[in-house]
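First chain A sits with chain B, and in the next complex the same chain sits with chain C.
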Partner chain A sequence: MNGSSFMRPAVILLFVAALAAAPFAVNQGLLFLIGIAMLQAMFALSWNLMFRYAGLASFGHAMFYGIGGYAVAAIIFHGFPLPFLLAILLSTAIGAVVAFVVALIVLQRAAGIQLAVLTLALSQLVLLFVSYTDFLGRDDGLSGLARPVLDFGFFTLDLRSPTAFYYFIMVAFALVTAGLLWFVSGRFGRVLLAVRIDSERAAFLGVDVRRKRIFVFTLAGAIASFAGALAAPWAQIISTDSMSWFNSAQPMLATLLGGAGSYWGPVIGAFGLILVNYFTRTFVGLSEFMVGGILLFVVLLAPSGIAGFFEMLRRMRNRTRTASAREHNQ
Partner chain B sequence: MSVLVAKGIRKTYGSLEVLKGVDLSVGAGETFAIIGPNGAGKTTLFKVLTGEVSAQGGSVSFDGKDVTRLPAFVRARMGFGRTFQVARVFGELSIFTNVVLAIEARKVNGGESCGRWWDWRPSADTSDEARSLLESVGLGRQGDEEAGLLSHGDKKRLEFAVTLAGKPRILMLDEPTAGMSAADRKSTTNLLRDLKAKGITIIMTEHDMDVIFDLADRLMVLNYGAVVSQGDPVTVREDEMVKQVYLGKGVGHA
Partner chain C sequence: MKLSRRSFIATSVGALAVARGFPAIAQSGPIRIGCITTLSGAASILGKPQHMGMEIAARKLNEAGGILGRQVEIVVRDDQSKPDIAVAAVRELAGDGVNIFAGVLASPVALAISGIAEELDVVFLNAASHGNNLTHENFRKNYFRVTDYSAMRISAASRLMAEKYPHVTKWGAIIPDAEIGRSTMATFQYGLPKYHKELNNQEVSINDPVVVKFGATDFRNAVSTLMSSDVDGIFIGVGGGDEVGFLQQAGQLGLSKKVKVYVSSGSDFQVAKALGKRTPENYWSGHHWYFGAYQDNPVSKALYDQYVADTGDKFPDGFIGMGHTAITAVATAAAKAKDLSTKALVGALEGLTFEGVKGKVTLRAEDHQALCDVNYVKLGPDDGELGWKVSDFYKTDGTDLAGPATPGVAIKFQ
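Let's turn to the complex of A and B:
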């Protein structure tokens, strides 16, 4: 038995406790950023779901984040009489449907670099479409979005309070993270890993590779839309930035930084990026410089990211431990 | 009755004609061996039969059904099981998980339950089956090791267990003993003989003639993508054409 089987639950518990304590410990600005970090972490997890478990590198994933955001923003902005939870659900569903259609078309043949280029091009097309649509506020987007009050009959949840909304996001983040972890740890996750490692070999086990990939792409699109749908009312604004190539790069950077080989890598990376941005906010350009520098460092010295780096340390420690135990026995 | 029938298979890579109209018919429970010098087209023929690549001409039928246009995964579900000349295992996963994957895929495709839907671990049934399969190929003790770290011969054995986990009706083995030690070769041959006794249909290529003469009911010799000779092993061995193909090498050491 190695140390990490005790360490991991402890670290996760500590992380959850820190998130829960944040509203009492930090100022409004930082609280807002931690909320964004959780949403970006979900976004990054969904990207790595495709990357790690199906071998699909999408370069246009922000398309779905933006679709979810715009859907919910339009409902709020134009005052459609739809309860907030249903609006979130509907936005997620729209993202899932679009992702499914994109997957049907794009995954027909494309993989690797073709997939990257196609998804990037599609996301730019959607962005262009949005920037010409009056209903969606053209280039300016939709701003001044009112945060909702959830009415459950027997009690109400007033999300106009930043703390309440923060906890709302935290619960969503916990549910998505736990649900996804359960999903990838099970039978389906095993099959997906096989598809990514050697899709041809997996086919000879009777696995319908294309169908699995379409499913994963759709699920990832749905989760990204869900994150986007929460981000719009949290920030009270949505603009085409949400679907820009820059935002598409965020989950990739987070995954690279945190480590694609670990489930928690994208979460670590997303929080890391937000922290770098926060601590360098007063120096224009410093955050890009820092992010660039850190990434260079990670790629050169810890190619499997922060999570991979800790894993490597653990293995090294175990190895020295078994080696010294062996010496001891002799 | 024939289980697998191929007619007039033609396959070209660019201007290279790798298979020049190959016919073959394998009966139920038969062990059918394909031999031939390097580059004869044996692996390519396997790929066409299993659906990994499509041929320019000809047809393949399985159990009387035309499968020529069916993709590999559908053929696998119909009962094709194959191993590769260079064993392909899921290297990042544990040995145990490799086999579990195959068992679970078979169960799902056969409409069987894989245990409680919310339980992320393999069911007790699946685990037991995986362990006994690993036991049968002599990898019983190493389940937790990463498959990618196995020796070449052990990878072959693992791949064999993975393929058997699919309970195939026809086993297609591309050089099952290539790169194995003499002892491993012996145990693989024994394993194959047991499977043969159970009535499973086997198609194999092999360079080791001892293995071939030990197991094969029928033998086909391929050279430059054409069938040179076909029949029971003893007759084929005496065939003048075959001796010419293997000239200087001696049939026993081809």
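Let's turn to the complex of A and C:
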């Protein structure tokens, strides 16, 4: 076993341990932001699923995040008697159905820049629709959302406690991250990579490219909706900002920062963006400036993101090691 | 790979160390008051003065020994006019031990903070938002509003228009597509006919409002609609940068020459400061506080003098006055309760009467709404250096305009 195959699980374990220890180490305000970071990481992972594994760059992905958020928020706000877990599932399903329909229409022909423009336009249309819908609070959104209590019969889980809700999000984050990793590491993931690298050749080999892309788009939409459905009760508010083009840019920025070539890139990027925002929170406008500056730095000096940067360092070190071992042997 | 492990551990440990929570409410050291307001984007022209008012109030309090012997520190966060950003900022500061919050411009932002204040065990003194719902159907017990609100201000505007412009009886309106727009319009539609009937014994007509989105920049359609309708007066429910944009285009397209009067829910001096010589004639703007109406009030005068000394500008916005009033309310309540816990402060603020920049203010015990004066200022173009001038003002006691307290129940106009 070489160093790198041993190190990655160790880093992941350390990351999970740090997340698990957070409620004991940080105040409630920061705990809230770490929760948001996990949700943003899920959102970014779902975007990169399309981008890295199917070559689809959606510019309106926040539409699904917002749909999930609004669905759960409406259920809570209007007091529909639906258990919270079912509400989350229903919201995810709505996101998946909408994504499927969008994929059916949009992926008919478009894959490159047309897809980007179409998804952006569709997301703005949905935003406009929400901003004129009384039931969804129009431009004001739905706020003051009560956090739920999960009743399992033999025990209850009170998500009104920030710590309990935080762990709920953490478990969801772990499940989604592990599930996706399993999914993309298997045969299906490799087929998808083939679709991204050369869709014509993949089609020639018998892969139904369109069907694969529709499936990935739907899955990404469902995951984004799931993240949104958890974000609304976590923040206790949902507004049209959640589906704005600015929010659609967040997973792209996270992926660019963390590295689109790595599965973990979007996670690193999402946490990185939250960190930058946190440390620049007292300087008005500085956070945008910092994010812009860092992205410029990344694009120019480390085009494969933070994850790619570490990978490059590792390779350089290995090369040096091999060279010095060779010298030693001689 | 060692580098990656080291940097990861260093980052995690560093982040945890920096972010390590402070004790819930520190009993010593300065009292930290969270100022949540808009410091970026179009509405920052209103948020910056609000913050400045709080800073001046804190400085004056500190010179006099602070609150309960402790210095006051204002910790400011930009809400970008977005409820979710504001909620995150409040959570962050609350986690850091801050239990007193003040400020906020936009009603949806205020509504979002009000909704979580009790759960976070914090008290929130709203210094500008006007939505009727905040002290009515969406009333929350840890929420206080230290300024007037739609029902009061627009009733005052209606009375003012009926008094000063009895012959202007055909009205149009432009409002934002938001709760605040609808609540101001509902008040105007109720108030104007009522006061015209009472004072002039005549009927008025008010057309359906032209509705625009928040942050709109192109008002040509709205202006054309108003131009083509038979109206003498226009009620403006859009505020801040939107109001500037609307009036600028209304001037260019000739609407300002056609109508006899504009009355606005209010952007204080911001429209005149932005438009200068292009400020329309007969433009009445609602003010949170107009210093000129309180020349004999020592609180108002001290704030005015400090503002002029700090900035050199002679026209402080009302938002400065309300930021100042929020901190004054906290100081008075703390002195009364001799305790800074949220519970004690909420108890002390209920029914509290104190001297603010507009004279006596009472925070109504039932719905936490300030009963205070309402100010309107008439602005217009001028040949002087500023390009605009104040030609008249109107100050009225808002107590009888506030309507009955109905916490939990929507306000009814009948």
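Please note the rule applied: the second predicted complex is superposed on the first by the 328 of 330 C-alpha atoms of A that agree within 3 Å, B and C clash if a C-alpha of one lies under 4 Å from a C-alpha of the other, contacts with A are read in each partner's own complex, and residues count from 1 in each chain.
The criterion applied here is as follows: a residue touches a chain if its C-beta (ideal position, glycine included) is under 8 Å from a C-beta of that chain, and two chains touch if they have at least 3 such contacts.
Just so it is clear, the structure is predicted and the values come from calculations on it, not from any experiment.
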**Message:** Just to be sure I read the superposition right, which of the two partners does A:Ser199 touch: chain B = first, chain C = second, or both, or neither?
**Reply:** neither
**Request:** Figure out whether A:Gly285 sits in contact with chain B (first) or chain C (second), or with both, or with neither.
**Result:** second
**Request:** Using the touch definition from the top, say if A:Gln124 reaches chain B (first), chain C (second), both or neither.
**Result:** neither
**Fill in**
The chain contacting more residues of chain A, comparing chain B with chain C, is C
**Request:** Once the structures are superposed on A, label A:Ser161 by its partner contacts, choosing first (chain B), second (chain C), both or neither.
**Result:** neither
**Asked** With the two structures laid over each other on chain A, which partner does A:Leu33 touch: chain B (first), chain C (second), both, or neither?
**Response** second
**Complete:** Footprint intersection on chain A (chain B / chain C) at none
**Request:** Please name which positions on chain A make contact with chain C in the complex.
**Result:** 3-4, 7, 10-11, 14-15, 18, 22, 25-33, 36, 131-132, 138-141, 143-145, 160, 235-239, 241-242, 275, 278, 281-282, 284-285, 310, 313-314, 317
**Complete:** Per the touch rule, the chain C residues reaching chain A in their complex are 1, 3-5, 8-9, 12, 15-16, 19-22, 39-40, 76-78, 82-84, 87-89, 91-97, 107-108, 111-112, 114-116, 119-120, 138, 140, 176-179, 213-214
**Fill in**
Residue positions on chain A within touch of chain B in the complex are 182, 185-187, 189-191, 193-194, 197-198, 200-201, 203-209
**Prompt:** Tell me, which parts of chain B touch chain A in their complex?
**Reply:** 50, 52, 71-73, 76-77, 80-82, 84, 88-93, 97, 100-102, 104-106, 108-109, 114, 118-120, 122, 162-163, 166
